[in-house]
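First, the structure itself, so that you have it in front of you.
So that you can tell them apart, the chains are marked A, B, C and D in the order they are listed, and the count of residues begins at 1 in each.
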Amino acid sequence: MTGHTLVTGVIGSDTHIVGNRILSMALEDAGYHVVALGALTPSEDFIKAAIETAADAIMVSSLYGQGELDCKGFRDLCIEAGLQDILLYVGGNLVVGKQDWDGVERRFLDMGFDRAFPPGTRTNDVIESLARDFAARAVDAGMADR
Amino acid sequence: MTGHTLVTGVIGSDTHIVGNRILSMALEDAGYHVVALGALTPSEDFIKAAIETAADAIMVSSLYGQGELDCKGFRDLCIEAGLQDILLYVGGNLVVGKQDWDGVERRFLDMGFDRAFPPGTRTNDVIESLARDFAARAVDAGMADR
Amino acid sequence: MSYASPLDKELRPLSAQQIPGDLFARLREENLARWPTGAEVDLDEAVEYHLSLPRHKRLPCVMRQAEAEGRCLTQPRGGFGTLELQIELMQILDRDGHADVVPTTTDSYTRNERWEQAEAGINESQKEGRSMLNGFPMVNYGPKRTRQLIEAIDKPAIVLSGTSMPRLTGEVGYAAGYTGYLGSGLAYVTSYTKEMTIEEGIRNYQYLDRLVALYAAKGVELHRRQPGFLTGTNIPPSIAIVTCVIDALLAAGQGVKSYGLEMGQTLHLIQDAAAIRACKELAQDYLARAGFGDVATPIISLHWMGAWPQDDAQCAALVAYGGTLAAIGGAASVTTKSTHEAFGIPTPQANAEGLRMTRMAIYLARQIRLDEHPEFLAEVDLIKREVRPILDATLEIGEGDVAVGTVRACEAGILDIPWSPNRQVKSRIMPARDVDGYLRILDPGDMPFDKQVLEIHTERLRRRAEREGVPLDRELAVSSVYEMSEPLSRLVPDLFTGK
Amino acid sequence: MSYASPLDKELRPLSAQQIPGDLFARLREENLARWPTGAEVDLDEAVEYHLSLPRHKRLPCVMRQAEAEGRCLTQPRGGFGTLELQIELMQILDRDGHADVVPTTTDSYTRNERWEQAEAGINESQKEGRSMLNGFPMVNYGPKRTRQLIEAIDKPAIVLSGTSMPRLTGEVGYAAGYTGYLGSGLAYVTSYTKEMTIEEGIRNYQYLDRLVALYAAKGVELHRRQPGFLTGTNIPPSIAIVTCVIDALLAAGQGVKSYGLEMGQTLHLIQDAAAIRACKELAQDYLARAGFGDVATPIISLHWMGAWPQDDAQCAALVAYGGTLAAIGGAASVTTKSTHEAFGIPTPQANAEGLRMTRMAIYLARQIRLDEHPEFLAEVDLIKREVRPILDATLEIGEGDVAVGTVRACEAGILDIPWSPNRQVKSRIMPARDVDGYLRILDPGDMPFDKQVLEIHTERLRRRAEREGVPLDRELAVSSVYEMSEPLSRLVPDLFTGK
C-alpha cells in the first residue's frame, strides 16, 4: 500500500467506463486505495467522495469529447470545498475531434488540472507519474516542516 | 476513316505498352490510320515513321517517369526533320512521382508539345481532343486558302 | 436524472404486449410536453411528409433492396453541435463519402435528456466556431428545423442516439423525416447508463417502437435498429445475438416490421461471417416462434468498436478490413469509422474517406461467401449452441413474457454484459481473444452456458496463454482490450530481433 | 542495343545444363569489362563480406524462417536516382515502414544497359535536387559505393531490376552485399523488351543463376526470385505459374537453391489463395521430377499490378486488401504498393505508409486459411488442370531440355503472354474478369489448354457479358484493364439511382 487514496470516475454524461475501470484496477494493483465512482459522474460527486475519503488525488476521465464543457470550473469547485491542494489529473479524449495535443493540454492545465493525459495513455505511465508527484509533494512537505 | 494518320509509340526505354496499345486500338476504331511503333521507341523512330507515313500527328506515350529526360528536344527534332507543324501529343505518367499536374503540363507544353495528358486519361477524351484540334486546323487552313 | 414516465409505470405492468392505443396517446401527450419543441410534433403532418419521400429516401425500402440484391451498404456516424455544421457534414458524407445511409448522431447531453446543457453547448459551439458538443442536439432544434437536414440530402437518414431515453428524440426525429432510429432497451441501458433499470429502458423503447407502429397504421413504414455492439468492447457474437433477439422480440411486440440488427465486428473473418449468419437465423427463428414471422431483420456489421491504434496507416487497414468482413459476411450494411477514431470525432473529410475505403473494400470482396467452409460452419454451430440456452432460460424465467424475462434474467445473471457501466448487470462475464484471434469467453459469470461449449472456449484461451507464456487470468481480457490499439512493432514484431 | 554475350552464343548451344566453370570464368571476364565499375567486383572480397553478414540480413535465411513460422513478410519497391536519396529511402522503409526486406529498384536506363544515359540522369537529378531517374543506377555507382546502402540498414536487401540483361547489375548487386535479386529470363523478356529473343533472355539469366551457384560453392547462399507478374495486366494464375515453373527449372539447372516465385494478385480472395497453393505444389512437383527436390520456392504475393485508381481512399483499400490476400493465401512475403501508385513513384513516406497498412492487414488476417473451403479446392484443381498441359507440351517440344523447349514453345504459341510488348510472343491470349471477379481466359490464342477447362472460362465470361448486357468480345478484356482504376461511383453505384 502506498497509503494514498485516489478518487476515480468518468465525468459528466460520459459512459466510457472501460479505460477508467482498467486504470482503477491498475492503480489498486499498484497499491493505492481507489474510490471508483464509475461512469456518468457529476463534478460534485467527485468532490464529495474526495472529502469523505480524504483523498490525495482526483483522477478525472473524459472520453466522449464534451470534457471541455464538463471540466470547466472543476478546480474552483475543489477550492470552494477546501481541497485547494488536491492533486488533479485528467485523461482521455478530452476534446471534440483530433486536435493538437499541446493546445489541449494547455487548456486543461489552465483550467487548474495538475496534469492532463493524451488519448492512448497506458496505466504504467499514470502510475509512474503519480509516484513522482507524490514523492515531490513529500519532499516539499518535508521542507515545509523544516 | 478520318483521313488522318497518327504515329503512336512509347518513348525511350519504357516498356509500358498496355495503355498505348489500348489507345492505338481506340484511335483505329475512331477511324484514324494508326502507325503503332510499340514500346521502347527512340525519338528518332517516331520522326522517321511520321515522315514515311506523312503523319498528321505524333502521339507519344511515357509512363515510366523518365519521360522528362526522353522528351527534351523532341520538338526540335521534328523541326529539324521538316515537321514543324505536326501535331504533338504526349500522355501518361510523364514525370517521376506524384507532382502537381499544372506544373507538369506547363513543362511539356514549354518543350513544344501541343497537348499533354495526365495519368488516367481515357481514350474518349483523346479522340475528342484530336477531333477538335484537326477541325481547328482545317478552319485555319481554310482561312489561309482564302 | 433519468426519465421514466410515471404514467407508463402507473397504468401498465411491465409486459411484452403492445401498448394499447388510448394509453399510448396519453403517454405521447405527457412526453411531448417535456420540452418546448415537443409541441412542434404534428403526427399527421409528419405522415404526409413521409409519404411524399421518394423510395430511395426511405430506409426500410433501402434495406430491403440491399438484402434482395445481396448488396452491402455503407453508413457512417456523425454529428456536430449546430445545424449549419450538421448540414455541411451530411452533405459531405453523401457526396464525398458516397454514404448509402446518412446519419445524425445526437450529442451526449441530448442522450441524457439534459437539454439545458445541450442548449449551452449550442451557444458555446457558435461562440467558439467549432463543435463543443459530440453530436447534434436534435431536440433543441426541434422537428421543423431538423427537417432541413433531411432536405439537404438525397439519401435515407437515420438517428443515432445512444440513449436509453429515446422518447422525445424519437418523436422529433421521425417527425422531422428520419426513416430510421438506432437504439434499444436492453442494449442501451446496459451499455450507456449507470443507474437506470432494465425495466425503464425496455419501457422507453417500447414507447418508440409503439410510435413506429402508429406511423405504420397511417401507412408509413419506418426502420428501427438494435445496437448489438453494446459496450463495444470485445463483445462475443453470442452476447450480441442474445441482446439482438431479445430486443427484436420486444420491438416486434409493439408492431415493428423493419428491425435491423447490428453486430460489432470481432475482426476475425470467419467468426464475423459466422456471427452474421447465426444472428440472421436465430432472430428469424425466435421471431417466428413468437408469431412474428413477418419482421425483416437485416444485419448491419460495424467497424471495430473497441480501441483503435493511433497510426493512420493501421487505421486504414482496420477500416478497409471492416468493409471486407461486412461484405464477405453477408451483412446488408456496414457502419464505418475513420482513421481519426483513436483521437476524436472525425472531420467530415476523414469520415468520407473512411466511407470510400470501405466501399472499395466491399467492391473487392465481390460475391465471395464462406458458406461451405467447414471452419465457418463449425463456428455458426458453436455460436448457436451458446445463444440458445441463454435465450431459452430468459424466456422461461419470464414465464413466456420476454420483457419480464429480460429483467429477471439480468437480475439472476442469466444475462450479462462485459465491461458494462450499469449497476443492474453483474458485468462478471469477461471476454478475451483466443490463440487464433477469435473472441472467446474467459469467465462466463453466472450465464448458463453449456459446459462443453465453455470447455472449447477455455481450451482455446489456454492455448493462447501458453503461447504467450502468461497465466490464464483476467490480464488476458485486459490485454485483449488494448490489443488493436497497440503499435505495429508489438503486433507484428521483426522476424528475428522481435522488435 | 541489347546485350547478348557473343562468347556465350559461340561456345555454348542453348541448353538447360549448368554452364561449365571455365566457360563461366571467361563469360564473367567479358561481362565485367563492359563498364568501369565492373573492375571493382572482387568475388573473394564479396564472399567474405557476405559471410560476415548476420543471419537476419541474409534473404535466403529470412525467407526460410518466414516459411517455417508461417509468417507473411513485407517488402516494398523503391529506387531513387542518387546514392544520398537512396540511403534515405531505404532507411525510411526500414524504420517507418517496418519493411522486412528492403529493396533497391534500378532505373530504366540501367535496366536497358544505357549507362551513359543513366550517368546523365544522375547529374540531372543532382542538379534539379529531385530524382529524374525512376530508380537507382547501381552499375554507375559500382559495388563499393552501393555497399553503403547495405550498411545503412539492418535488414536483408534485394535488387529489383526489371531487366532481361542482368549480367552486370547482378555482379554489382551481389558483390555489394545484396542477398537477393529479382528477375528471370522468360518472364522479363516477354514483359520488358520488344526485340530481344527468349534465348538471349534465358542465357542472360543463366549467367546470373550460375553466379549464384559460384557464390554457393564458396559457402554463400543467395536468393533469386522470379517475377511471375509479367506484364502485370490481368495475368491469370495459370500463366504466371507456367512461367514460374519454367524459370525455376532453368535456375535450378544452374544450381540455385533459394528461388522465390512471385504471383501478382488477382484481387480475388479465393483465386489468389488457390494460385499460391497451386504454384507451390506445381513448382515442387516439376522441380522434383527434374531432380531438383532441394530447391526452396517460397511464394511472394504482389499487390495489384494493374492500373490503380486515383483516389487515396480507394488505394488504401487495395493496399490493405493486398495484405489480407497474401496472408490468407499463405504467401511467405508480400510486395507492397502505395496510395500514390496511379500517379508516380511514391515518396518514401507514402511508401512506408503502404507497408504499415499492409502489415496491419497481415496481423488482422490471423492464421486464417481457406484450405478446406470447397470453392478454394475446386479452383486449385482448375489451375492445375490449366498449367499441366502447357508445361508438359513445353517440356516435350524441347525434347527434355526446358531451355530449348521454352524457345520453341513461344515460337509455336504454346506459351503466350497477355499484353506483351515483345515481338517474339504472339500476345494473342486475352484475359478478362468473369461474373464472379475471377480472372479468366477470354481468348487462349494458340495455347493448348484443355477444351473442358476453356469451356468453364468461357461460360463464366459469358455470364458476365450477359449481366452487363455487352457482347462476349475483346471489350471485356479492355474494360478489365481499366476496372480497378475506375472511380467508386462506377464500381459501386448508388443502389437506386445507379449513379
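One rule holds in what follows: a contact is a pair of C-beta atoms (placed from the backbone, for glycine too) under 8 Å apart; a residue touches a chain by one contact, two chains touch by 3 or more.
On a predicted model such as this, the values are computed, not experimentally measured, just so you know.
K.L.:
Compute the distance, rounded to whole Å, between the mean C-alpha positions of chain B and chain D.
P.N.:
Their C-alpha centroids are separated by 31 Å.
K.L.:
Centroid from C-alpha atoms only, then distance chain C to chain D, rounded to Å. What do you get?
P.N.:
The answer is 45 Å.
K.L.:
Measuring from the mean C-alpha position of chain A to the mean C-alpha position of chain B, what distance in angstrom results?
P.N.:
Centres of chain A and chain B (C-alpha means) sit 68 Å apart.
K.L.:
If every chain is a node and every touching pair an edge, decide which shape results: line, ring, star, complete or other.
P.N.:
Shape of the chain contacts: a line, open at both ends.
K.L.:
Okay, what are all the chain pairs that touch?
P.N.:
In this structure, the chains touch in these pairs: A-C, B-D, C-D.
K.L.:
So in the complex, which bits of chain B are touching chain D?
P.N.:
Residues 10, 12-15, 17-19, 21-22, 25, 38-40, 64-66, 68-69, 93, 95-99, 119-120, 122 of chain B touch chain D in their complex.
K.L.:
Where on chain C is chain D touching in the complex?
P.N.:
55-56, 62, 65-66, 69, 71, 73, 98, 100, 267-270, 309, 311-314, 316-321, 323-324, 328, 353-368, 370, 372-375, 436-437, 488-489, 491-492, 494-497
K.L.:
Residues of chain C touching chain A in their complex?
P.N.:
Touch residues, chain C against chain A: 107-109, 111-112, 114, 117, 120-121, 124, 130-134, 191-195, 231, 233, 307, 310, 340, 342-347, 350, 419-421, 423, 478, 481-482, 485.
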